[in-house]
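Scroll down for the structure; my scribbles are underneath it.
Order as written gives the chain letters A, B, C and D; numbering starts at 1 within each chain.
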Amino acid sequence: MFLTFLLQLKNSIMLGCQYSLIAIGFTLFFGILNVVVFCHGDFYIFATFAGATFLLIFLNLLPGIVSVILIAVALFIAMVLTGFLGVVVEKVTIKPFRKSNPIIPILSTLSAGTIIEQLLKIFYPAGSNPQIFPNIIPAGGINIGEFLFGTNEIVILLFTIVIFIFMYFLIKKTKIGSNIVAISQDFEAASMVGINVDRYVSITFFIGASLAAIAGFMNGIYYTVFRYDMGAMAGIKGFSASVVGGLGSVFGAVIGGFLMAFVETFAAAYIPGGSAIRDVFSFVVVLLFLIFRPSGILGEKIIDKV
Amino acid sequence: MIDFKKINNLTRRKDMKRRGFVMFLVVFLLTFSLLAFAGGQKEKVVKIAFIGPLTGPNAAQGMGARNSFELAIRQANASGEFPYKIEMLALDDASDPAVGANAANKAVSDPQVVAAAGHWNSPVARATIPIFHENGVALVIWGAIGVDLTDKYGKMYPEITRVCPKLDAENEFLADWLLTKQGYKTFYIIHDTSSYGKDCLTFMKIGIEKRGGKILGIDGVNVGEKDFMPLLTKVKEKNPQVLYYGGVVTEAALLRVQIVKAGLTNMLYTGISGLADQKFNEVAGSAAEGTVIVKPGDPKEVKGWPAFVKAYKDAKFNEPMGAYGQYAYDAAGVILAALKKVGPDRKKLVSAIRNIKYKGLLGTYTFDDTGQTTLVSMTLLVSQDGKWVKWEDSEYASGKRKLPR
Amino acid sequence: MKKGKLLLIGVFFELLLLALIVIFLKIDNFLQSILIFAVAVGIWFLLARKTRMVENLGMAMEEKRKELLLIALLMVIILPFFFLNNIYIIHILILALIYAIAAVGLDFQMGSTGMVNFAQGTMLGIGAYTSALLCTTFGVSFWIGLVGAIIVSGIFGVILGLPTLKTKEYHLSLVTIAFAYVGYLLILNMKWTGGPDGIAGIPKPKLFGFSLSRSIDIGGISIPGKMLYFYLVLLALVLLIIVASRLKNSWLGLTWNAVRDDEISAKCYGIRLMPYKLLSFVFGSVFAGIAGVLYAHLVGFISTESMAFSVDLLLVAMVILGGMDNIAGVIVGAILLVIIPEKFRSIQDFRILLYAVTLILMLVFRPQGLIPKKVRVYRNISGNR
Amino acid sequence: MVDNKKLLDARNVVMNFGGLKALDGVNVHVNKNEILGLIGPNGSGKTTFFNVITGLYHLTDGEVSFEGENITDKTPQEIARLGIIRTFQSSRLWFELSVLDNVILGMYMREKPSLFSSFFKYNRVRSDLEAKAEEAKAILNEFNPDLANNCYKRAQELALVDRRRVEICRALVAHPKLLLLDEPSAGMDPAETKELMDDIKRVRKTKKGLGIVIIEHDMTVISTVAERVVVFNFGKKIAEGDFSQIRLNKEVREAYLGKE
């Protein structure tokens, strides 16, 4: 009984890692440009495709090389590609609309997402079928009594923690971070004091997208099966998580991600017939937050300036 | 008629240019009207409609079936037994009832169409059956296995017949094998929330309980779900002997992989034709080993099979045949046989198809009073070394390997 | 410029348009349809460049609005007669009109009040399910089903609208997205909605005794039931257009726009935001509900596919493409986005891709839509234009 | 001759944003028929004061009463309906609407728009709106004939001066009892400023009993139009009186004029 509870806890943490990584991207983008990038989930699935492709290439071209290095390289490539994708998407579908009605960027990014998804489906070999993520992490793991902790799970968990720490330092301790923060506080002012806003916007999108890439890569490692159309839902979940945590707050995004994961997992596990409508529960949580605390857990209160 | 002079005067500048434009407009108008109203006047052809998911999630199944169907038509034309040219009118239902309804309307509104074969998804069939009934066009279902399609609609409407076995037969067979032959006792059922999954649940449940098996739990998952760990952790606690999944390949494979991850190694994983696709073995990889499924009538049995496969290859289609190609092929065969008997007449064809006795690829087709084919044969497959192997010649049957218990 | 001549120009263009539409629908070949489209667009640009045709047309629209609209309506009425031998096209036309109704409803939020709403398709589904359930389980008539659907979708409109008290822009969009998913999943997983099997055998409405499912003969030519349904839907659309334009051209429309353009100054002029935002949601949902009913009784079958998220997106795209806060524009957008994909069926897999690309191009090069909104004109005041 | 009945009376108003005290117990009153000038360096809390009066900010402490009625806890809408109308520093028109529509919407509070009538008495609603349009056009014409002539322009297409004019028209047609002008002359050249001041004077002549509070940086405006001046600094009222006295006030000089 209690063991099952622990296992469910582990499951939700695994899911939470992915959600929060995606959510951070949303929160960064919103912080700096006040836009919600609705194709973020497609960055994520794109990264899964990229990662899988390069891993396959490596495993076929140079078998017998230490797999750790291969994984690192593949992940790196996936991150870079996705990062650039993010930058391009910003240039094409967000920059032109900085001044215009917020409805417009919502739609432009949405359609950008659709385009990515469709391109994957049409031009990736057998893209409309479920794809296989090469099984690179050795099976097995640590057994603490009945409690099984898989190798890939350990890897994912550690890696996520590293990323969180990295993000913390990036935002708090580096020039890039401070500039990004400056821009998010006041776009005009930042550009006046001579921060090259466009450059930092691009940097932010690169970072956000590559975080999604990491999440996508983990998605591959964890589930090993993926399909072109799995991005949209992941994106919406990430967005929800960032809102629940408080749009604009990185730490909030992390909390939000895990909260969403907990709700879903335990709804599926402990509510009779809950697994079919687990998303209902998470979305209801989102709705409750939006109605009673729109600023989220850590977001600062929204007051419209006069 | 419109006086262009006036219009010219209206538009203030008095050069010839504008007159030119207006004339251009008229010319363009006339040409295209001609272009539009011409057409239709061709040689005498008879069309048979094929409807299936040519796009969307099940496009692979749909295209394979479409090609097989076309193959049958080509052969018929080549045989020269028909005094007219037979054409296939291939329509897409995109697995969406509304689109399917459009397609059905398109089919029935084309006077040259004499009969139709249709649908891989039961919901789409439910949407189109009334349309075919209203217009008195025979519909031979080649791939949709929802039970009510014949049990309910087939009983009411003489237009509806089905050449593929319905879903309950498969579950019945599987349940019988699991309980009486293999003696499994405790089961856990997971199904997707599509109507396919729900029917799977219904009939597997019946099959198990009828034989005194014990169902430890039932859970639904949405199509497109990828995280089954919470569910499996729950299952592990219940510790059943068999996990039955009522659904289709992608989720089935994801589930299979996570079963291994969750350490449920001493549990049999099983399902029906929804899993019957090589893709499952590819995607689930090593985890797939030892999965047992039931699939209607393994065509490789019948002796016409090699010829059929060869013909399909020679036809140089881009897509593989899919799991339901042979049924589409026989659906075409049934329609053509009836056509040969009564000629291109919608009304006559309806009854002709119902009462046909046709020797097809998979066997001899006759239809009962619900329009369901009486031709039923089931094969049991087990995943062995990344392939679906017939149970009889598998190492599991020979005892070389053991099924988990 | 004489008014009579203006009228003539207007009529001429409308005839041209009608011809184009008929031809476009008649042709089954993808390339030909593209070609026609290209030619039409080309001619339009030539005219706009080189002649006064277009200005005059604009003037005609101003001066002879009523007459031209009437003639246009007549043309729409005769449209189905071109396709007597092809019910399929009439079916498509009906779908176009139905989606137009839903899109006009969505425009109350997106265009007039400036709130993006991704749950309009869900509302359509709710309306459809309400009527379907009433008609199949309680066997009531189409009309009672319609009334029921209007009430229910109105109520859900209030429910969806309430969070707007607290949320704006992106948060609001998330509210609607969440609402859409929750609605979809609940209907999919509940017993009494038929779950994934949906609801089949929804009866065709009866009009003065005879059912719209069967065709009737009038003076030799048999008029298919579909065509009567077409007129039913057309009637609904016209009535709802009148309602919509009255709402938009009265104080309600003005206040909606005020809320859209600047909430704070709206407050400072005594405009209470909440009731107006709610109203726009309620009206929008009711329109969607009516569209849903018409849809359900047309297809005769309703399942959650008809209210999937893609439908929500499609409706939003219609409003954007056509032109926000402009009824005519929205209707054009709806009709285009229903009819053109039917031509694209021949290039199956690329269809959705083309959608998305067009939408982005649209947003970049003409964000105000095909037919941008116009400023309100007050007739009888001195020195007009 | 000014009749000295208090129109607006704000007693020790305190407004806190987190730590920072934007308003620190200021007492300001406005009489009928008078033009009160409100001056002070940037960030001294002038605009905040407007926002508090109009109910956009909810004040931390103190009390505001209007014609003897306590409006401290009223919503912006209610306050507007009582007759306090303001303009904004960065003019806040409804930019996608035509000039005409902007002014017509100014008359919103004089109406009781009802759904019923917009359906069933549509023609009456229209004719009523057209009457409103006439009135709007008339007042636009008073301020600037070209405005009346291009009354179908979208507000966003207007020049700054005209935007402010439209804003004032919009405010006037709402029949205010107290009119709050937030830096109406900001970004205008002297000539335009002059016209503006004439406009303001004309307004106070035509509208009987109207009180006006005007925030300004431009001392010439204050000196010409304001009968009484209140000086803010760091959220406190540091001086009050007519301009001639104020300019001699030592504290004010340091705080404010010293800067110029």
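Everything below uses one rule, namely that contacts are C-beta pairs under 8 Å (C-beta built on N, C-alpha and C of every residue); 3 or more make two chains touch, one makes a residue touch a chain.
The shown structure was predicted, so the numbers you read here are calculated from the model rather than taken from an experiment.
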*Most central chain, judged by mean C-alpha position against the global CA mean*: C
_Most distant chain from chain C, judged by the mean position of its C-alpha atoms_ = D
*Roughly how far is chain A from chain B, going centre to centre by Cα mean, in whole Å?*
37
*Hey, how far is the Cα centre of chain B from the one of chain C, in Å?*
34
*Go ahead and note the Å separation of the Cα centroids belonging to chain B and chain D.*
71
*Junction residues of chain A - those touching two or more other chains*: 273, 276, 279, 306
*In chain D, which residues are in touch with two or more of the other chains?*
56, 88
*When you check chain C against every other chain, which residues touch at least two of them?*
185, 189, 264, 349
*Touching residues (chain side chain C, partner chain D) in the complex*: 243, 246-247, 249-252, 254-255, 257-258, 260-262, 264-272, 279, 373, 375-383, 385
*Report the residues of chain B in contact with chain A in the complex, numbered from low to high.*
57, 59-60, 193, 219-222, 224-227, 229-231, 233-234, 236-237, 249-250, 253-254, 257-258, 261-263, 279, 282-286
*Contacting residues of chain C [partner chain B, same complex]*: 1, 5-6, 8-9, 11-12, 15-16, 19-20, 22-23, 26-27, 32, 36, 39, 43, 46-47, 50-53, 56, 85-88, 91-92, 95, 185, 188-189, 195-198, 200-201, 213, 226, 295, 299-301, 303, 305-306, 342, 345, 348-349, 351
*Spell out the part of chain A that touches chain B in their complex, as residue ranges.*
1, 4, 7-8, 11-12, 14-15, 128-132, 135, 148, 150, 223-227, 229-230, 233, 264-266, 268-269, 273, 275-276, 278-279
*In the complex formed with chain C, which residues of chain B make contact?*
2-3, 6-7, 9-13, 17-18, 21, 24-25, 28-29, 32-33, 35-37, 39, 54-55, 59, 92, 96-98, 101-102, 105-106, 108-111, 122-123, 126-127, 130-131, 134, 146, 193-195, 197-198, 220, 222
